[in-house]
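First chain A sits with chain B, and in the next complex the same chain sits with chain C.
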Partner chain A sequence: MHTVGYRMNAVLTLGVTILALICAMASLADNLNLPSPSAHVQVLNINWFQKQPNGNDEVSLTLNVSADLQSMFTWNTKQVFVFLAAEYETPQNALNQVSLWDSILPSKEHAKFLIHTTNKYRFTDQESNLRGKEFNLTLHWHVMPKTGKMFADKIVMTGYNLPQEYR
Partner chain B sequence: MDWQGQKVAEQLMQIMLLAFAVVGFLTGYVLESFQMMILVYAGGVFLTTLVTVPNWPFFNRHPLKWLDPSEAEKHPKPQRQQAVNSKKKSSKK
Partner chain C sequence: MGWIGETVDSIKSIQIRQVLTQAVSLGMIVTSALIIWKALMCITGSESPVVVVLSGSMEPGFKRGDILFLHMSNDPIRAGEIVVFNVDGREIPIVHRVIKVHERQDTGEVDILTKGDNNYGDDRLLYAHGQLWLQRHHIMGRAVGFLPYVGWVTIIMTEKPIIKYILIGALGLLVITSKD
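Here is the complex of A and B:
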């Protein structure tokens, strides 16, 4: 501590160490937040349902997605990524996940939404297993903090059915 | 900066940084603003730098009192070489 250089070095070293410490504490404080998210998805219409020339089933849906994820946001939240996935079982795979729609919620004000949309990404099966298939719609989300640990969770909504015939 | 000043500067630096970290964290948590925490802490680091890094007169209140040259002459340093020689001789015997 006998010269300006040494004192500058000491201030910066301790300063950055403590900065890392308070960032870690901010991340840990996120565990105190107990979110109570809610989501509801309605399939309004099956726009069309067909077999592609290569033999894969493809379906187009019109959806109403409403969700309230405001309780996910804390002071340490940068943004929340949400996506809606169709999940179903086929003889080949126990779990198939097809992403139908996604969004980035940049702030708490945008976290309560009601969206009327067709599926943003194609709902295609790798075989022709979709006729009469029962599927779940699952809203997944990833909470991205400013510093520290990322959180992910989901809400599973069951009891959706595809029609028996192509249309 | 004298010895006492160096000790004070180091302790002051540690206490100030810790205090600003605590204040910044609490401010950020209460106001739910991460930016506020960073701003308070950045201000604290800047202030700490300003207080403890330059060689303020405040840190030079306890200058070392060296002995008077005449006092030093009365107590001459022991001669090194003689001491080494006598050791060698004694070990040979």
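Here is the complex of A and C:
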């Protein structure tokens, strides 16, 4: 009964169980965090706006993105992935989500930022529906934990418009 | 002479019983593992509820050897979610983030574009030749949970099969020689 093998087995089992418990508790503790994020996005300029040869509208924007996501960080947070998406409805699509810009926030110190940028990914429609289109800009963030459950949330900012004519 | 025969018989009978119990307990271990896996499949709705990250394309979020728990519900797929998808003609599923979604008005079908956080460009180069979008049927599940390092066990075992055989052999020996 009390051989080396049994003792090693017992120690190993206990160790793994405790580790698993600590991981579960760390993940559960994330639920106690009540974040208060804020975000503000400004479209500074429409750099160009045209119809591609394949018939899809494409637009290039210059944006000011400012946000404070410091309250998202807990002791179980590895990083926060943040991205800005243009969201709009067209006659054929109930929802279009086009990511324009994203960033990885590795720590709390980087979580309050003001960024001046053009869109990192192409803002392209699937057809030619962008002229005069009203769209939302949504700041999404995905919290990646050191271990356990991942969280995601967003702030929707409404009332952005594209021009009536190509330029 | 009689007592020798009796002893031999009793030893023989004990050994048979022992072998049988060992076989049964080994069967129990294997089947319970199978039950847990299948139960997870039912609960998560994903054909592989747990995947091991094999590439560094999602670093620093997910590193090689980390484990992801997948969930496949009927909820629509949205930008920002980390999905596991299969591309026609590729055996190994890929874990990347959704960056564009176009959902049809009438049918509800979706066109999805993905990208690895650590990759420079989007995934169109990884898709099948001429494929611009992923559809719903390419998606195996979305990542909901994360456990670091544990996947190294399977990576080591697939890359160094000798370790797998040594481990299986040692466990088998343990089962055969143990008496309880």
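List of remarks:
The rule we apply is simple: the second predicted complex is superposed on the first by the 166 of 167 C-alpha atoms of A that agree within 3 Å, B and C clash if a C-alpha of one lies under 4 Å from a C-alpha of the other, contacts with A are read in each partner's own complex, and residues count from 1 in each chain.
Everything that follows uses one rule, which is that a contact is a pair of C-beta atoms (placed from the backbone, for glycine too) under 8 Å apart; a residue touches a chain by one contact, two chains touch by 3 or more.
All of these numbers come straight from a predicted model, not from anything done at the bench.
When both complexes are overlaid on chain A, the residue A:Gly15 reaches chain B alone and has no touch with chain C.
In the superposition on chain A, contact is made by A:Lys146 with both chain B and chain C. Of the two partner chains placed around the shared chain by superposition, neither chain B nor chain C is touched by A:Thr117.
Of the two partner chains placed around the shared chain by superposition, chain B is the only one that A:Trp75 touches, whereas chain C remains out of contact. Of the two partner chains placed by the overlay, only chain B lies in contact with A:Arg7; chain C stays clear of it. Here chain B and chain C are compared by how many residues of chain A each touches, and C touches more. By the document's definition of touching, neither partner reaches A:Asn56: not chain B, not chain C. Chain A residues in contact with chain B (one complex) as well as with chain C (other complex) are 146. Put simply, chain A touches chain C in their complex at residues 5, 23, 27, 78-79, 81, 83, 85, 90-99, 102, 104, 106, 121, 126, 140, 142, 144-150, 152. Residues of chain B that touch chain A in their complex: 1, 6-7, 9-10, 13-14, 17-18, 21, 24-25, 28-29, 31-34, 37, 41, 45, 48-49, 52-55. Remark: chain C residues 60-62, 76, 78-82, 97, 99-106, 108, 111, 117, 122, 143-148, 174 touch chain A in the complex. By the touch rule above, chain A contacts chain B in their complex via residues 1-2, 4, 7-8, 10-11, 14-15, 18-19, 21-22, 25-26, 29, 74-76, 146.
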